[in-house]
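Next come two complexes, and both contain chain A; in the first it sits with chain B, in the second with chain C.
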Partner chain A sequence: MSAELTAALVREDPYAEDCAEKATRLLAEMNALTSFHAERCLPYLRILSAAFHAKTQFDCLADLPFIPVRLFKELELRSQPQELIVKTLTSSGTTGQRPSRIFLDKSTASAQVHALVRIVRSFLGIKRLPMLILDHPGVVKGQNTFSARGAGILGFSQFGADHTYALLSDTLHPDWEAIGSFLDRHRRERILLFGFTFILWQHLLLVAEQDGRKLDFGDSILIHGGGWKKLEESKVSNTEFKQRLRHTLGIRSIHNYYGMVEQTGSIFMECEEGYFHPSDYSEVIVRDPRSLEVRTMGAPGLIESMSTIPMSYPGHVLLTEDLGIIQGPDGCRCGRRGTFFTVLGRLPTAELRGCSDTYQVPS
Partner chain B sequence: MQEDKLTLSESELILRRAFANGLQISEESVNDALQYASTPGWDSVAHMALIASLDSTFDIMLDTDDVLELSSYPKAREILRKYGVRF
Partner chain C sequence: MITMVLPKRKADHKQQLQRLIESKPLPPFDPLVVEFIDAVSKSVLLDSAMSRLPEMASVAHWMRKGHIAELRESFQERQKGRVCVARGMVLHFAPSNVDSIFLYSWFLSMLVGNSNVVRLSQRRGEAVRLLLEKIGFLLDQPKFQPIETRSLILAYDHEDSITEQLSQVCQVRVLWGGDESVRRLRAIPMNPLGMEVVFPSRFSLAMLDASEISSASESLLRQLAGRFCNDSYWFDQKACSSPRLVVWVGERGTCDFAKRQFWPNVQEEIRKRNIQYPEVVGIDKLVTAYVSAGLGMVDSIEPNPTGTVSRVHLSQNARPEFRNLECGGGLFFEAEIPDLKCLPEILSERDQTLSYFGFRREEIRELAFSLPARAVDRIVPIGSALTFSTIWDGNDLLLTFSREIDLE
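Coming up: the complex of A and B.
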C-alpha cells in the first residue's frame, strides 16, 4: 500500500489519532470555541464570570469551563442572531420538564452532518444500505423544528436507501407486511436497521416475542440510541438486549450509540467489544457527582462530553446527567485509539439538584 | 417552450423531472439556482426524497459522500456524471 493511500485511510478513520496529539489539537479548538461563545452569548459569558473568573483560555481539557446540559432547558443559549438560525432541535423532555432547545445555523448544521458521516461510515462503509427504520413515519413530519428522534432518523437516513418504516403511524404496531416485503426485496443484501432503543424494544421486539414471531434480518447491522432509561427500570442489560434481538429478529451486528441532542453529530459509537469511543470530534472525562473533581480511570462519575461541533450555541463542553466509567486511554481490543468508556445510566434525580445548583446564573 | 426543450439533452430532461418529483415542485421551476437549505421546499426531509428519486430514475445508488455533496442542481449534474450519466 502506498504511503499516500495509508495516510488517506488514516485521515478517513476518525479513531486513529495519537492520544497526545489529539489532546493538543482539541484543547486549541475548545479554547477557540470558549472565546467565540463568550463574545457572542451573554448568558454564557455570565456563567464564565460567575464560576470560571471569566477565563476563556485553559491549559488542559479537564480545566475547561463545563456547563450542565440542563441549562439548555432553562435558558435560550444562542451565539448567533436569530435570523441566522436555520433549524431548532428539541429534546423529548422528561415529563414535567421543559425540552432543551438547540439553535443551529447553517455551518453548525453542516458540521454535524459531516461528523456523523465520518463516524458512522467507519462502521458501515461508503455504500448506502437498504434501510429499515424501526419507528413510524410521523416522527419526521415538521419543517424547521425537529424532535431529537426525527433529527436522528433524518441524520441516519443518508446512509440508507429504500427507506422503509417498520411501525404504523397511528398505532405504533409493527407493519409486518412492510417489513416482510422489505426483507424480500433485499434478500442476501447487507441491510441497515436504525431506531431508538426503547421504541424498538417496546414496539417491535416485545410485540414479536408476544406474537411468537421469528424473523431473520440476515446480514444486518442495527444502530440504535436515545437512552436506556425505561429499559433500566425493567432491568434489561445490554447483553440481554442483544441476545433477544439476535434470537427473535436474527440481527447479526448491534451497535448502541451514546449522544445528546445538545451535541448532535459527534456521537459516541459502541464498538464490537461493547465500549463507547470518542472520535476526532469529541472527548469525555468523568467527574465526581458531588465535588466535580475529575475521577480517574475505572471510577464511576458524571460524564462530561466535549464536542468540536457547536458554533451557534455554547454546547462544546457539557456536564451530562449520566454516570459513566472511563475504561482507558488506548487499548480497546477493537483497535480504535483513544479514550473508551461505558455508560451506567442516569444519575438519580435527587442528587442532580446538588450539582446544577452550583451553576445558578446571576440575573 | 418546445424550442427550449429541444436544446436540452435527454438526460437533462430526466434530471429535471427527477428533481421535480423529489422536491415536489413543478418541472418549470427546476433550474441551476436550486440550492439545498436555501430553495424553499428543499430541506433535509425533501433531500432524502430527492436522493431516492435520483437513485430510482437513473438506476444507481449514490454513495453517502455524494448524498452529502449534492447541494445544488449543477452539483447534481456533476455528481451524476461520475455514475456514467452523460449530459
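Coming up: the complex of A and C.
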C-alpha cells in the first residue's frame, strides 16, 4: 500500500494516467483495500458475506463491492481500534438524520492531506497564496471532531498565507473592513479564495449585490464546494453563479469541487471546461438508480466514488445518492486524462406514507 | 396551526367542542347512525375514482348497512343481555401511515353512541381529502344534525396544549401511531376518569407451509401471490399488519423449492399491477438491507435489493430488534423453521398479525394457545392481513368504547 502510495506521490501531475492504465493499477489497490477492511471491520465483513459471497478480489472496477454512503450514518464503521483514531469527521446531515461519522487514524489523515495537496497544487502551483476564507472563524472551533465545513477550511488553509475570514462570526455579515484591508495588503498578487458554495453565495455575493457594492479581487482563484442543493432550489446554474461572481466580485478563475466527508482528500476538481476530474486517488462510475447496473457514458445515474485513501474505515468504494453523467474517458479539452464527469444533483427524496392512492396504479 | 376540518359550517372548534360536551350519548346502534354510515358508504361507492382505490373500496364495503347489522348482532351476542352504553366523548388520534384507520375508529365509537373528536395530521392523502368532503356534505344535511353536533374533526400537528385541553374533557383517548408519537401523547395528562387505548407500532409476519406451496397448482400460486401483494403493498408495506417477515415451515430443501415457486409469482403480480416506487425507495431498501447485514441481523441479501421485492435472510441468532429495521416498499426478512411448534420461539411482543397459508384450522388453534405472552393478536389467512376487524390488538373496540352498567 505505502509503496504504491509513494510511487503515486512521486508523479507530479495527478491527472496523467489514461483510463486503461489507471484501471489496472486502481483495481489492485482497491482489491487490497477490500481485503484490508474485511479483516478489520466486522460489519463490513458481514456485508461482504451477505451481499458478495464474502469475496474480496474482483476482476474489474465495476464489480467492486460498493456500499451506500448513508451507511456511515447508520453504522459505526471502523477498521482500526478506537485508540488509534485521532480524528472523527462528521457530516452536517439533513435535519432529523444522524450525521455520518468518519473515523481517521494518523495514516489516513495524512494520506488525505497528501492527496489534497497534490490535487490542489496542480491548480494553484506550489507557492502559498494570500487566502481569503469566505466564511466565519467560528466554523473551525472544536478539538477532535470537525464538521465537513470546518475540515474543508482547515484542509485548504495549507495552500494559503495571511488567512483572513470574510464573514463576521455572530452575524455572518461580510466583514467589509477585513476584506478591504486584505485586498490592500495584496494588490497585484495572485490570491486564493475558498468557501462553501451556498455560504459564499448567500452571505457574500447576495449581500454585496443588495448593497450595490462592486469589488475587484484581481488575479484571483476561487475554490468552492459543499454542494449545489440549496442553489438548485433557487434555480441558480453554475454558469450564472460564475457570471455573477465575476461581475460583482471580479473573481477571474472559479473552480467547484465535488467531494464528500466520507472520502475527504481525494476530491474531484472542476476543470477550466467545467468538468469534474477524478485524480490518481479516485475514480467514478455511474449506475442506474433502479437496477444499479453500470451506465454507459452520457447516461445519467448514481455516482459511485472510489478512493484509495480510506484505511481506517471501509469507505473506498461508495455509492452516493448524487446523480451524475460520465462525459468521457480521457480527452477532456482541458488536457487532463482519465474519466471526466458532471454532477446533476441529489436523487430526489420521497417518503412512503402508506396511502394506497400515492403510487399504485389501480388494476 | 389548528384547522377545523369538520363540521364545515362551524367556524370555531371551541364552540363545536362545547356542543359535543353538552350532547347526550345516543343509544348503541341508533338507526340514524346506521343510516349515516350507510350513506357514507354509498357516496364512496358512487364515486368511481374513489371506489377504484382498494383501500376506499374496503372501507365502503365495511360501512354497508348489511355489515353494520352483522356488527350489531355480534355486539348484542357478546353482551348477553347485559347493559352497555356509550362512554361519552372519545378523542381519537389518527395514525399517519394508514389513512383509513381514523374512520374505523370514529365510526365504531359513533355506533355505540359516543361523541367524537378526531385529530388528523396536517399531511393527508388525496383519498382522505375526498372522503372527508363526502362526510362533510352528509353532516350538513338536516336529518343528520344529531351526528353533526357530536362530531369534531381537527387537523393539527404538534400543538400539545390543544391535545391537553381535549384530553381533559374526553372519557376515552385512543392513540394510533408510531411508538414515538404514542409516547409523546401519553405523557400529556388526561381527565382522571378517562381511559386510554393505545395502538403503537407493531410488526407483522406471514407464515407459509413449504410443502403446500411446493405442491400448489400454478393458478393457486398466482392467487396466493395476489393476496400476499394486497397484504404487503396496499399501504407500501407501512401498515402495522403488512408482513415484513416471511416464515417458511418445512424441511430446508422443501423451503428452498417453495421460495422458488412463490417469489416469481409475487414478482409477476407486481409487474401486472405496475407497482413502482420512486428510485430513492430502492436505495432506502439497499441501505436497510446492508445495515441489517452489518448488525448481524441478516446473513444473506438476495440479488437486486433495490427492486420492488427485496429479500434478506434472517441470521440464525438475529436479535428481536431486527423488527426496528424498517423502510417499507417491499423489504422482506425470511426465515425457515422445521415445524410450526418452533414458531413461538421467534415471536416477540411487537408481533401483531400472523397471516398464514397451508395450515389446518386445528393447527392454527393449537398455535394460538401456545403463543408467548403478548405476542400476536391476529391470525388470519394471507390476503386478510389488512382487513379491519373490530377486535384490534386484542381489544374488542365496540366494548372498549362503551361502558357496562351493573344492573342487579
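To be clear about the criterion, the second predicted complex is superposed on the first by the 340 of 363 C-alpha atoms of A that agree within 3 Å, B and C clash if a C-alpha of one lies under 4 Å from a C-alpha of the other, contacts with A are read in each partner's own complex, and residues count from 1 in each chain.
To be clear about the criterion, a residue touches a chain if its C-beta (ideal position, glycine included) is under 8 Å from a C-beta of that chain, and two chains touch if they have at least 3 such contacts.
Owing to the predicted nature of the structure, the values given are computational and were not obtained by experimental measurement.
> So in the superposed three-chain picture, is A:Val86 touching just chain B, just chain C, both, or none of them (first/second/both/neither)?
A:Val86 sits against chain B, while chain C stays out of touch.
> Using the superposition on chain A described above, determine whether A:Val113 touches chain B (first), chain C (second), both, or neither.
First partner only, chain B.
> In the superposed arrangement, does A:Ala161 touch chain B (first), chain C (second), both or neither?
Once the two structures are laid over each other on A, A:Ala161 reaches chain B alone.
> For A:Val140, select first, second, both or neither according to whether it touches chain B, chain C, the two together, or no partner.
After superposition on chain A, A:Val140 lies in contact with chain B alone.
> Applying the touch criterion given at the start, work out whether A:Ser49 contacts chain B, chain C, both or neither, answering first, second, both or neither.
After superposition on chain A, A:Ser49 lies in contact with chain C alone.
> Applying the touch criterion given at the start, work out whether A:Leu206 contacts chain B, chain C, both or neither, answering first, second, both or neither.
The answer is neither, since A:Leu206 touches no partner chain.
> Once chain A of both complexes is superposed, is A:Ala23 in touch with chain B (first), chain C (second), both, or neither?
neither
> Using the touch criterion from the header, give the chain among chain B and chain C with more contacted residues in chain A.
Chain A has more residues touched by C than by the other partner.
> In the overlay, answer first, second, both or neither for which of chain B and chain C A:Val236 touches.
A:Val236 sits against neither chain B nor chain C.
> A:Arg121 in the overlay: touching chain B, chain C, both, or neither? Say first, second, both or neither.
In the superposed model, A:Arg121 contacts chain B only, not chain C.
> Mind pulling up the chain C residues that touch chain A in the complex?
52-56, 96-99, 123, 125-128, 233-239, 272-283, 286-287, 289-291, 293-296, 298-301, 304-307, 312-313, 327-329
> Please output the residues of chain A touching chain C within their complex, sorted ascending.
Per the stated touch rule, the residues are 43-44, 46-47, 49-51, 67-68, 70-71, 74-75, 77, 289-292, 302, 319, 321, 347-350, 352-363.
> For chain B, which residues count as touching chain A in their complex?
37, 43-45, 48, 51-52, 55, 61-65, 67-68
> For a test of understanding, state which residues of chain A touch chain B in their complex under the given definition.
Against chain B, the touching part of chain A is residues 86, 106, 109, 113-114, 117, 121, 124, 126-128, 140, 143-144, 154, 157-159, 161-163.
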